[in-house]
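Beneath this line is the structure, given in structure tokens, with notes to follow.
Chain naming follows the written order as A, B, C and D, and within any one chain the residues start at number 1.
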Amino acid sequence: MGRVATDFAYLATIVAFILALKFLSHPATARRGNWIGAVGMLIAIGVTFAQKSVVSYWEILVGMAVGGSFGAVAARRVKMTAMPQMVALFNGVGGGAAALISLAEFHVLAPDPGRLHGDISVSIILSALIGSISFAGSMVAFAKLQELIQGRPIVYLGQQAVNGLLIAAVVAAGVAIVAGAEKQWLIVALILGALLFGVLFVLPIGGADMPVVISLLNAFTGIAAAATGFELENNVLIVSGMLVGASGTLLTILMGRAMNRSIANVLFGAFGQVTPQAAATAATDGGTVRSASAEDVAVMLAYAHKVVFVPGYGLAVAQAQHDVRQLADLLEQKGVEVSYAIHPVAGRMPGHMNVLLAEANVPYPQLEEMDEANSEFSRTDVALVVGANDVVNPDARNNQGSPIYGMPILNVDQANAVVVLKRSMNPGFAGIENPLFYNPKTVMLFGDAKDSITKLIADVKTL
Amino acid sequence: MGRVATDFAYLATIVAFILALKFLSHPATARRGNWIGAVGMLIAIGVTFAQKSVVSYWEILVGMAVGGSFGAVAARRVKMTAMPQMVALFNGVGGGAAALISLAEFHVLAPDPGRLHGDISVSIILSALIGSISFAGSMVAFAKLQELIQGRPIVYLGQQAVNGLLIAAVVAAGVAIVAGAEKQWLIVALILGALLFGVLFVLPIGGADMPVVISLLNAFTGIAAAATGFELENNVLIVSGMLVGASGTLLTILMGRAMNRSIANVLFGAFGQVTPQAAATAATDGGTVRSASAEDVAVMLAYAHKVVFVPGYGLAVAQAQHDVRQLADLLEQKGVEVSYAIHPVAGRMPGHMNVLLAEANVPYPQLEEMDEANSEFSRTDVALVVGANDVVNPDARNNQGSPIYGMPILNVDQANAVVVLKRSMNPGFAGIENPLFYNPKTVMLFGDAKDSITKLIADVKTL
Amino acid sequence: MSHGLLLAFEVTILVLAIFLGFEVISKVPTLLHTPLMSGTNAIHGIVIVGAMLVAGLGHKDTLTTVVGLVAVVLASANVVGGFVVTDRMLEMFRKREPAKTPAAAADGGAAGRDPSKPEVPPTQ
Amino acid sequence: MSHGLLLAFEVTILVLAIFLGFEVISKVPTLLHTPLMSGTNAIHGIVIVGAMLVAGLGHKDTLTTVVGLVAVVLASANVVGGFVVTDRMLEMFRKREPAKTPAAAADGGAAGRDPSKPEVPPTQ
């Protein structure tokens, strides 16, 4: 296949990817969009095989078999709750591939110094640099989410200064290469430096902020792919990479906005450190916490007209979605009206609760989005908060000094009674006190969410 | 300026035009968007002057002075109500320019047959063809709106067949040229045929549909400009032309949708012909029409709590906007609450009423969009319909057989009383009967809107 | 880069421009349809670049000279007229924004008013 | 077409892709943030094309061979894993759509029901 035919054929891939993005942005068509993207990818692979310069088929096929089967198996086996770390992993390997391509291109094109076009060497450097950061950063994100390393932010004195110096050194190596010092060891050093930077960059970010970080690194890999496209003078890489780079950047901003946080705050705020004063305020509040037994709560639920379940991160931790569904069914049989109030950033990734509850086959009409749910709490008898905390914290509405002030929340305190299922008085993701727990309307049912729900089921059955 | 530098400089124009489109799509930024576009155009002109192949400066400068001053004077002098025909005129000359460029390029590049690259000859043909259609069609649209020729659809038997044959002949000439018959007379014949087709294509379309047709021809000129870009291997023409081509096509569809009509219906439906049966139903309705004097209406208005003005095409025809504003002010002084209900397709172009009322300095908060207005008619004492007809026709809501069934309307019949100002019982744009006029709540105040309003002002003053 | 490769790049650019044109306009309010039509009308005045390239050629015959000159005249009218008309239209729309009645029914405060201030309520 | 001109075209393409990427995503619901992240993740697996071009070269030294092979492995994992994970996620979301408890409380009417009918309230 000649160069011109190749370029026209790649255009089909470009169109497929654009359509994929458009379709992925709407709930009804998202899955089809993913398929369109996959077809576009297949076309690109086919066209690349047909290119004249591609002669070593076997190496490619072996590589594909190994990488593809690893990807397929890992993606099939992973539990729904471990999705974010899977995405991080696949994102990282993509970035790594971009960096390796640049290394190989450099090796092939620059046997002697001073031979590369300026734009080619710039793109080799960018792709190696950004791809390496994305690879290393994604691996740390994976490790944090998989709990291979500690999730809490790892901070130390002078951290920003060290990171700053490191990236300056890496950039200096890049500039030297572009200026004509086209030495192998320089690009290897650059890649190693970028890998280290990637690690140091993500370490101080809290585990719960990882979805946002992964989204950012996703955009990085896209940009690295686009840079690879400039190296290889290949439009499909330029367009597809940059589509991901641009849309990923915007998506990162949107994700931050949904949590009412700026991206700078996510990246450099070390959110989720143990903040001593947050723990301290706990007692000062003066309010009292009422704790109830499962029997008491079972009675409240069984004799209510309307019960709203408010799931949060704790539901995911306890894997209690199936039990919640069972309890809801039981209550419905007793004539109680049941629904679920879904906060957009409940859990640890956008759509987290929808995925969990869908897994438990909760009927779609029972899921209510924030605004809808908020309009109904005033006529709700019992709001059953299952492992949620920040997303029901009235301080976001009332307390200007609160770090989450301004975040829209689920107003469970407007219900007649609130039951909170959690294991302790520990704070949630934001690390702050929740006045809801001291509200006279509220009773706490301490314990793991799955255990508590199981007890509630048993008790409701006996009523 | 070398070719590469030129291309990078043109990129600034491309970015400016994209931003211009984005800004133009939001009310708050639209005017700034237009300015950004103008700056982009200036950059492109400057860059083109700096190109090596451009040597005859004087011819260009003279041409610009003539064309530019004509454009500036015409655009400054035109009355707000004549905007659509101005847009048609400027669109037409753009299409004409594209066609002429192709003619000249063909003349320069193809002294002997069989010398052109296939893609170059295809783009020359497309640009000549589409540009010519756009030029001729726009001129007919201009003439219709300026009432130089009759606005009603001009239809005759076999019209579609004649048009079909003509376009087939023109396309055949194009195919012959691409196939290698690169004769001057062929492209001249093609242009003449396309011009004739443009005329015949627009003649059967009613004057009131012209805004939609102009929008379509606008997209045509954009596509012609993009084709010119392929001829000249010039990215700024390709991108800018195609941006207009695509956005203009979508805009055309959106305009049609706002009127609840398909584009095919606009182009081939000959909407607005005198339809005999529409006139016939007038009497059959059996209802009676109550006509009132200006004095009666003045009393109704002066003693109302809330009056809503409903402007329509008749307001534009009568140029009564300043008088309406005066009457509204007078009523306000008497303590009447006044507002204006703006239907999105009242008048003959989108935003027509907003432009007219803005010209009369009507305060912004008094302008209400359709939904807002509809929620208030039930507590309105008098709805004063000034030269509107189709946009207040209850058949759109109630009568499945009506041609405008399904179009959202202003529900003036929910007001306590309705006063309709028009000259006769003649139908409006859609050519259909309006049951509102037979509603017992309704009184008619016959006469030119400007005269009637002037009388009302005088009478209200005496109260 | 061959002619064919150039064409491949041009077509890629064309396709991206099509999608971009559609996306940008996809959610425009009815109110802005006419000004937007007029604004895009001004933008396709970019054919002036093509007209300049033809009219600016050295050593051209009479036909090319005349046709080029006329093309420049037409395209310039498109550009200047297009932007000016659009600006006039949008100026009208803008007038709506300020408003806000200081409710000066009978307080005679008109004398102290700054004419550059946003619109004054219509209570003449 | 010179190297410089090629670059000019590539940059034009890059700029259009940036705008297009932003426009397409501009109004996506929170619900879809995670699947969209995952879907775009799969799309940047397009680096597999670059990896193939490197690994597919004839007459290459050991370093290039090894690096190329590893790049293909990584990129393939990205592509396959990316699309599969996204599909699994979206499958979960899709489950929401059908739902429909056939509401067979005690009326026994379930037999006569058309399963393709619109939603029935969940009152089992």
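Everything below uses one rule, namely that contacts are C-beta pairs under 8 Å (C-beta built on N, C-alpha and C of every residue); 3 or more make two chains touch, one makes a residue touch a chain.
Nothing here was measured: the structure is a model prediction, and the numbers come from that model.
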B-D or B-C - the one linked by more C-beta pairs in contact: B-C
Per Cα centroids, the chain farthest from chain C: A
Distance from chain D to chain A - Cα centre to Cα centre, in angstrom: 15
Between chain B and chain D, centroid-to-centroid distance (C-alpha), Å: 41
Whole-Å separation of chain centres (CA-atom averages), chain A against chain B: 47
Of all residues in chain B, the ones touching two or more other chains: 18, 235, 239
Shared interface positions of chain D, touching two or more other chains: 2, 5-7, 9-10, 12-13, 16-17, 19-20, 24
Sites on chain C touched by chain A in the complex: 2, 4-5, 7-9, 11-12, 15-16, 19
Chain C-facing residues of chain B, complex: 13, 17-18, 20-22, 24-28, 30-31, 33-35, 37-38, 41, 44-45, 48-49, 51, 53-57, 59-60, 62-64, 66-72, 74-76, 78, 80, 83-84, 86-87, 89-91, 93-94, 96-98, 100-101, 103-105, 107-108, 117, 119, 211, 214-215, 218, 221-222, 224-226, 228-251, 254-255, 258, 325-326, 328-329, 332-333, 344-345, 349-352, 354-355, 358-359, 361-365, 367
Touch list for chain A against partner chain C, complex: 3-4, 7-8, 11, 14-15, 18, 235, 239
Partner chain B, residues of chain C touching it in the complex: 3, 6-7, 10, 13-14, 17-22, 24-58, 60-61, 63-65, 67-101, 105, 119, 121-124
Residue ranges of chain D touching chain C (in the complex, touch as defined): 1-2, 5-6, 9-10, 12-13, 16-17, 19-20, 23-24
